[in-house]
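In the two complexes below, subunit A is the common chain; its partner is subunit B in one and subunit C in the other.
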Partner chain A sequence: MNKAAEVVIIGGGISGCSIAYNLAKKGVKDIIVVEKSFLASGSTGRCGAGIRMQWGTEQNCRLSKLSVEFFENANEELGYDRDIEFNQGGYLIVAGTEEENEQFKKNVELQNKLGIPSVYLTPKEAKEIIPHMDETKILGATFCEKDGHLNPFHTTEAYAKAAKRLGVEFLTFTEVTGIDTKCGRVIGVRTNKGYISTPIVVNAAGGYAKRIGEMAGIDIPVYAQRHQILVTEPVEPMQKPMYMGFSLNIYIQQTPHGSFIMGRGDDSEPTDLRITSSWQFLEEMAKTCCELLPPLRNLNIVRQWAGLYTMTEDAQPIYGAVEELEGFYLAVGFSGHGFMLAPATGLLMAETILGEETTIDISNLDIGRFKRNELVFESSVV
Partner chain B sequence: MLIKTGVPDIEDIMEITPPKRRREKGPVAVIECFQRIPCNPCYTACRFGAIKEFEDINDRPKIDYDKCTGCGLCLTVCPGLAIFIVDESYSEKEALVKIPYEFLPLPEEGSFVIGLNREGKPVCRAQVKKVQKMKNKTNIVTLVVPKERSMDVRSFSMKDYDDENTIICRCEGITLGEVRKLIQEGYRTVDEIKRISRAGMGPCQGRTCRQLIMQEIAKFTGQKMEDMLMPTFRPPTKPIKLGIIAGGESDE
Partner chain C sequence: MRIDNHPILDFKRGKEIRFIYDGKEMVGYEGDTIASALHAAGVRVLGYHHKTGRARGFYCAIGNCSSCLMTVNGKPNVRVCVEELKEGMVVETQRGKGELK
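Right after this comes the complex of A and B.
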C-alpha cells in the first residue's frame, strides 16, 4: 500500500475522528486517519464518558459549551443511524475543602456569565438531588443540569461514519512507524502497511502522542498516566447526575443503561503506557465510594479497566502548529477531558489547519506556552 | 485450542471418558475439568471417596470409576458446570445424560429438545426425562439421548439453534441476528462488537457470548478461531460487592 494524502491524522479516537470530519466538511479531500487498532480502542473507549461545562477558566467553559451544544444535536448533524446516547442528567460537583467551596462560588459566577446554567448549592440542597449521598462529607456543591453522559463508542462511530461519507479513508489496524521530514517540513508517514506521502500530519495519538512527536523529532511536553475505572451491575435508575469531587477525588455516574461507572485519580499511578488493572485501585475506589455514597456498597462490581490520561503540566490540551516543523499539528495532552471537548477540538483544529480565524481563540494553548512559561492552570480536574 | 475456543479436542475427551464397560454398568460421573484451577468442591461433595483427595488444590480431579455410584452430588456443586452423569444402562438404544443447567426457563419434563455438543452444535433430538431444581440454582436436567451420543451431548436448546432471535449474550439480551448484522457491517473483533452492542458487558462478562461471537466472525470471514484476536478479559472474574472490597462486610 503506497498512498498520497492531503492530511494524515494519526489516532482513530474521538479527537482524530472529529478533526477528520471537520476538515472533510470544510472541503478537504484525501484525508487519511491511521489507527493502530480499531476506532476508539484507546483512551476514548476507556474514558469515564462524562460531559460537563462546569470549569474554572473562561476558555474551558467556552470550549465545553460549544461541545455540549454540538452533542445535543449530534445524531442529526452527523446523520448517525444509531444513538450516541447523550443523557443530560447533570453534574453535581462537591467541595471537600473550604478553599474549594470558595472557588466553586467564583466558578458559578463565571459560568453564569458565559451562559452556563450552573447553581451553587448547600450540602442539604445537594442531598435533595442525590439522596443517597452522605452530605456531612461535603461543604457545598455546584450543579449544572445540562452536563451529562455520552457513549464514547457510538460518538466515535458517528463521527467516523459521517467522515467516511465525506470521503475520509480510515486505515485501522495500521501502525505508524515513522514520520519523514525534509527541510523543516513534513513529507510523509511510514506505517507497517506502507507509505503515505502527505504535507500535513495531525498528531491525535492520545497516550502515544509523545512517541509520535519523537518520530517527527519534536519533544512534546506530555506524559501518559494510567487511570482506572470500574463499573457495576445495572440497577434501577437512582442517581441522575454525575457526582464529582476534586479534593475528594472521585467521579461516579449512573449510566443510562443502569450501571454505575466510577473512577479516581492517583498520583502514584505509573506514567508509562501500561493499561493493566490493579487491585489497589479496586480497594481505594470502593472505600471512597462507600464513604461518600454509602448505599452503593451493595452494588456488585462487574468489571474494571484502565486507560491513559495524556497529561500536560497545566492539565490543558496542546492545540495547533509546531514552529520547528511545518505541516505538523498537535491535538494532544487533553489531561483526561479529551472526549468531552472533541467537537471543539475538531472544529478549532480544522480552522487552524486551514488558516482560518478560530471560533474560539486557542492560540494560548500552543506548544510554545511551555517555553514561554505561560501555563494556563485549571483547578477543576480529577 | 481449548484455551481459545473452550472446546476440548479428541485427546482431551479420551482422557476423561470412563471405560465403555463402566458406562454400560450404570450411572457414572464424567468430569470434564481440563484446566488446573484452585477448586475442589467435587472432592468435598463426594460421599463415596470416588473423587480422590487433592494433593494440590490446583490439581484436576481424579476419579475412581469403581467407587463412583453416579449419584450426581459432584455435578451440582461444580462451579464450572464441568461434571455430567452418563448412564448407558438405560435402554438398548438410549442413554441418560444428566446436565447441570443454570439457564431459565427450565424445560418441561417429557418435552423434546435439541441435543448440543461441546461446540454448541446440534447433534440429535433428545427427550427431557427429569428436571431437578436445586437450592444453589445449578439445576439438573436429565436427557434421554441415542446411546452413541452419550459422550457427545453436553447441553441442549429448546429452540432451533440457527434462529436469528436466539439470545447470544444473556446478560444484555443481544441476539444472533444483531451480532450477524454487526459482522456484516464490518466489525471483525469481539471487542468492537462488545463496545457497540454491549454484548459481553453484563454480570457474566462474556463467559458465554465471547466464544459464540468468535464463532460467528469465524463463520463469516472464513478465519480460524485460533488465528483471531482474543477479546480482553478483565477483572474481577466474578461480580463482587463494593462493600466487601471496601471492608467491613463478608461474602454470604
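Right after this comes the complex of A and C.
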C-alpha cells in the first residue's frame, strides 16, 4: 500500500474522527485517518463520556458550550442511522472545601454570563437532586441541567460514518512507524502497511501523542497517565445527573443501562502507557463512593478498566501548528476532557489547518505557551 | 428431584430448612444453595429478562452468569446459585433490574 493524501490524521479516536469530518465538510479531499487498532479503541472508548459546560475559565466554557450545542443535534447533523445516546441528565458538581465552594460561586457567575444555565445550590438543595447522597460531606454544589453523557462508541462511529460519506479514508489496524520530513516540512507518514506521502499530518494520537511527536522530532510537553473506572451491576434508574467532586476526587454516573460507572484521579498512577487495572484503585474508589453516596455500598462491582489521560502542565489541550515543522499540527494533551470537547476540536482544528479565522480564539493553547511560560490554568478538573 | 441412593457416592442429608418462595412454603436441606433447593423442588424458571421478558433459569451455577438473580429478604439481584439457604428466607422472583434502597 503506497498512497498520497492531502491530510493524514493519526488517531482514530473521537478527536481524529471529528477533525476528519470537519475538514471533509469544508471540502478537503484525500484525507486519511490512520488508527493502529480499531476506532475508539484508546482513550475515547475507555472514557467516562461525561459532557459538561461547568468550567472555571471563559475559554473552556465557550469550547464546551459549542460542543454541547453540537451534540444536541449530532444525530441529524451527522446523519447517523443509530443514536449517540446524548442523555442530558445534568452534572452536579460538589464542593468539598470552603475555597472550592467560593470558587464555584464565581464559576456560576461566569457561566451564566456566557449563557450556561448553571445554578449554585446548598447541600440541602443538592440532596433534592440526588437523594441518596450524604449531604453532610459537601459544602455546596453547582448544577447544570444541560450537561450529561454520551455513548462514546456511537459518537465516534457517527463522526466516522459521516466522514466516510464525504470521502475520508480510514486505515484501521495500521500503525504509524515514522514521519518523514524535509527542509522543515512534513512530507510523509510511514506505517506498517506502507507509505503515505502528505504535506499535512495531524497528531491526534491521544496517549501516544508524545511518541508521534518524537517521530517528527518534536518534543511535546505531555505525558500519558493511567486513569481507571469501575462499573457496578445494573439497577433501576435512580440517579439522573453525574455527581462530581474535584477536591472530593470522584465522578460517578448511572448509565442508561442502569450500571454505575465511577472514576477518580491519582497522582501515583503509572505514566508508562500501561492500561492494566489495580486493586488500589478498586479499594480507594469504593471507599470514596460509599462515603459520599452510602446506599451504593449494596451494589456489586462487575469489573474495572483503564485508559490514558494525556496530561499537560496546565491540564489544557494543545491545539494548532508547530513552529519548527511546517505541516505538523497538534490536537493533543486533553488532560481528561478530550471527548467532550471533540466537536470544538474538529471545527477549530479544521479552521486552523485551512488558515481560516477560528470560531473561538484558541491561539493561547498553542504548544509555544510552555516556552513562553503562559500557562492557562483550569481548576475544575478531576 | 434429588438423588437419594447413589452406587458410589454417599450423600449426608442435613436437617430440613423451611423457606418461602413467591408466597409458598418450601423445604430444602442444610447445605443447599437457594438455587439447589428450588431446583430440587421443581422450580425451573428463576427470573425474567429485564428487557425481553424471556424466562431465565439455573445456568452457570457458580455465580458468574447472572441468570439466577432473585430478590432475597427484600434485597434484589442476589445470585441464588451461590447463596446458602437459611431458615425462614423469603425468596421472590424479580421483575426488572431491582431497586436499590
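As a convention for this text, the second predicted complex is superposed on the first by the 382 of 382 C-alpha atoms of A that agree within 3 Å, B and C clash if a C-alpha of one lies under 4 Å from a C-alpha of the other, contacts with A are read in each partner's own complex, and residues count from 1 in each chain.
The definition used in the following text is that a residue touches a chain if its C-beta (ideal position, glycine included) is under 8 Å from a C-beta of that chain, and two chains touch if they have at least 3 such contacts.
These figures come from a predicted structure and were not determined experimentally.
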>> Output check: A:Gly258 vs subunit B and subunit C. Expected answer is one of first, second, both, neither. What do you get?
In response: second
> A:Met238 contacts which: subunit B (first), subunit C (second), both, neither?
Replying inline: second
> Does subunit B (first) or subunit C (second) touch A:Ala40, or do both, or does neither?
Replying inline: first
>> Under the stated touch criterion, which partner chain does A:Leu282 make contact with: subunit B (first), subunit C (second), both, or neither?
In response: first
> After lining up the shared chain so the two structures overlap, which partner does A:Ser247 touch, if you call subunit B first and subunit C second: first, second, both or neither?
Replying inline: neither
>> Is A:Leu296 touching anything from subunit B or subunit C once the two structures are fitted on A? First, second, both or neither.
In response: both
>> For A:Gln59, using the defined touch cut-off, is the partner it touches subunit B, subunit C, both, or neither? Pick first, second, both or neither.
In response: neither
> Quick one: subunit B or subunit C, who's touching more of subunit A?
Replying inline: B
> In the superposed view, which residues of subunit A touch subunit B and also subunit C?
Replying inline: 233-234, 296, 298-300
> How about subunit C: which of its residues touch subunit A in the complex?
Replying inline: 50, 66, 75-77, 96-101
>> Residue numbers of subunit A touching subunit C in their complex, please.
In response: 132, 233-236, 238, 258, 295-296, 298-300
>> Using the touch definition from the top, list the residues of subunit A that touch subunit B in their complex.
In response: 38, 40-41, 45, 82, 153-154, 157, 231-234, 257, 277, 282-283, 286-287, 289-291, 296-305
> In their shared complex, at which residues does subunit B touch subunit A?
Replying inline: 189, 191-192, 195-196, 198, 201-203, 205, 232, 234-236, 239-243, 245-247, 249
